[in-house]
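Here the chain labels run A, B, C and D in written order, and each chain numbers its own residues starting at 1.
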Amino acid sequence: MSEQLEKRISNVFKYRVPYADTDQMGVVYYGNYLTLFERARNELMRSLGWTYKECEASGWMLPVVHAEVDYKSPARYDDLLEVTAYVKECRGVRLEIACEVRRSGEEAVLAKGFTIHCFVSTQTFRPILPPQEFLEMLK
Amino acid sequence: MSEQLEKRISNVFKYRVPYADTDQMGVVYYGNYLTLFERARNELMRSLGWTYKECEASGWMLPVVHAEVDYKSPARYDDLLEVTAYVKECRGVRLEIACEVRRSGEEAVLAKGFTIHCFVSTQTFRPILPPQEFLEMLK
Amino acid sequence: MSEQLEKRISNVFKYRVPYADTDQMGVVYYGNYLTLFERARNELMRSLGWTYKECEASGWMLPVVHAEVDYKSPARYDDLLEVTAYVKECRGVRLEIACEVRRSGEEAVLAKGFTIHCFVSTQTFRPILPPQEFLEMLK
Amino acid sequence: MSEQLEKRISNVFKYRVPYADTDQMGVVYYGNYLTLFERARNELMRSLGWTYKECEASGWMLPVVHAEVDYKSPARYDDLLEVTAYVKECRGVRLEIACEVRRSGEEAVLAKGFTIHCFVSTQTFRPILPPQEFLEMLK
């Protein structure tokens, strides 16, 4: 499972920007992209037939150990965004999910980034190998 | 335009709760309902053929002068919520919009509340009467 | 304990407004005042020799059942705010805490409001009477 | 000004974690660290005798073009955090500011990361060289 999974396993999530997400520069505040990435990851999971809620119920969770974002062009109030999320890599106890944000119907990437997660037991809070079913899902 | 408009002019907005909205009690943090109300108001406007973005472009805005929320039962991570927003009253320079939050497909109201807005000029920041087109829209 | 406790038991909390709290109107987004109220309530508790964290550790919590805010004048980026929180009433299983937001050193109230909380057991999630120590603290 | 400025120009900002910042894992939500970094950058500027508000008033701003965070150990509700911010590099039109988050009085770093900003004109929204006064300040 160490090969690049890039864009093989992906999903597009649509999101309408509320006033709440903007700042006084008139653009989406930089910190809010991480929430946007989370929403896109949730829907990526759902598109694969799972939900992250079920993961936690099954005894494992995926806390973020690293996150990064490149901001290329601002998103604005009332923009309909499309966030493409895809599994970039799943190796050992780590899972990397990348995201790209575009305005709906446009080519240009407004922001992109990725998060690295660690498979952790909800009981011991220690790293564990991903469940076999999860690895199956990625195939 | 002083009569009750209750539920004549309404719209239902669907929203999936992200982890970001929860707090350590395992429920949606109480402050986040106001953002949810805003999202529902935006979609109410859109359902009427307007957007709040166009309002601002036309020279008027609707800052909130009062907000209140009753919390009846908690919403949780990954819940698919339905937020019904409706114009409750439009009188003078004031507009009242009420919201009710339910889990999709369920009857029980999880939270409800309303916001009172004042029609304000984007130029002078002073109260103004609502534009005639807006009043037409409410009829 | 049904008498008005207004302003007898109060605390002032200082808060510097970050960019994150603003919206494209150039003012603090209306929903963020509820987070500000929470910060002020936390510090009110601490000023009384308790922390809300200890409450939860002792088996009871104080979920919000009602919140309201009057917005009078906007707070802006980098404003140093003073949020005065005070116990307004403690009756039966309910606790009401009011808050007023001012710019540091100024008289004018920018926003004010209150939250009503219910004493709830962390075990049963059912309403319980406030612990005796808590009532002592309010005297 | 291309040399490493690391930790020569730094400031420590204290922050008490509210319930609002936590998620249902019982820890500070990963996206909220970017707001925390912003707060620390604001106070770093202030410690140098400037405010970011004054920068914008002077005609330039510092939008974030890249951000990253390493999450090592979770921060929790009511933790008193210390966020050390320091100017890591200022080269051409770019400024890099790094942040480290610790629990007050503890050595261990809970999270660390950095943001890269671009000097931009508030009029043209185009990159500009940093004002001479700003470079002086960094010396």
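What we mean here is this: a residue touches a chain if its C-beta (ideal position, glycine included) is under 8 Å from a C-beta of that chain, and two chains touch if they have at least 3 such contacts.
Bear in mind the structure is a predicted one, so any value in this text is a computation, not a measurement.
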Of A-D and C-D, whichever chain pair has more C-beta contact pairs: A-D
Centroid-based (C-alpha) most distant chain relative to chain D: B
Chain B and chain D, separation of their C-alpha mean positions in angstrom: 34
Distance between chain centroids, defined by C-alpha means - chain C, chain D (Å): 28
Distance between the centres, which are taken as Cα means, of chain D and chain A, whole angstrom: 24
Of all residues in chain C, the ones touching two or more other chains: 19-20, 25, 27, 31, 35, 38, 77
Of chain D, residues touching chain B in the complex: 19-20, 22-27, 29, 31, 76-77
Interfacial residue positions of chain D with respect to chain A in the complex: 25, 27, 30-32, 34-35, 38, 61, 63-72, 74, 115
List of chain D residues in touch with chain C within their complex: 16, 18-20, 35, 38-39, 42-43, 51-53, 77-78
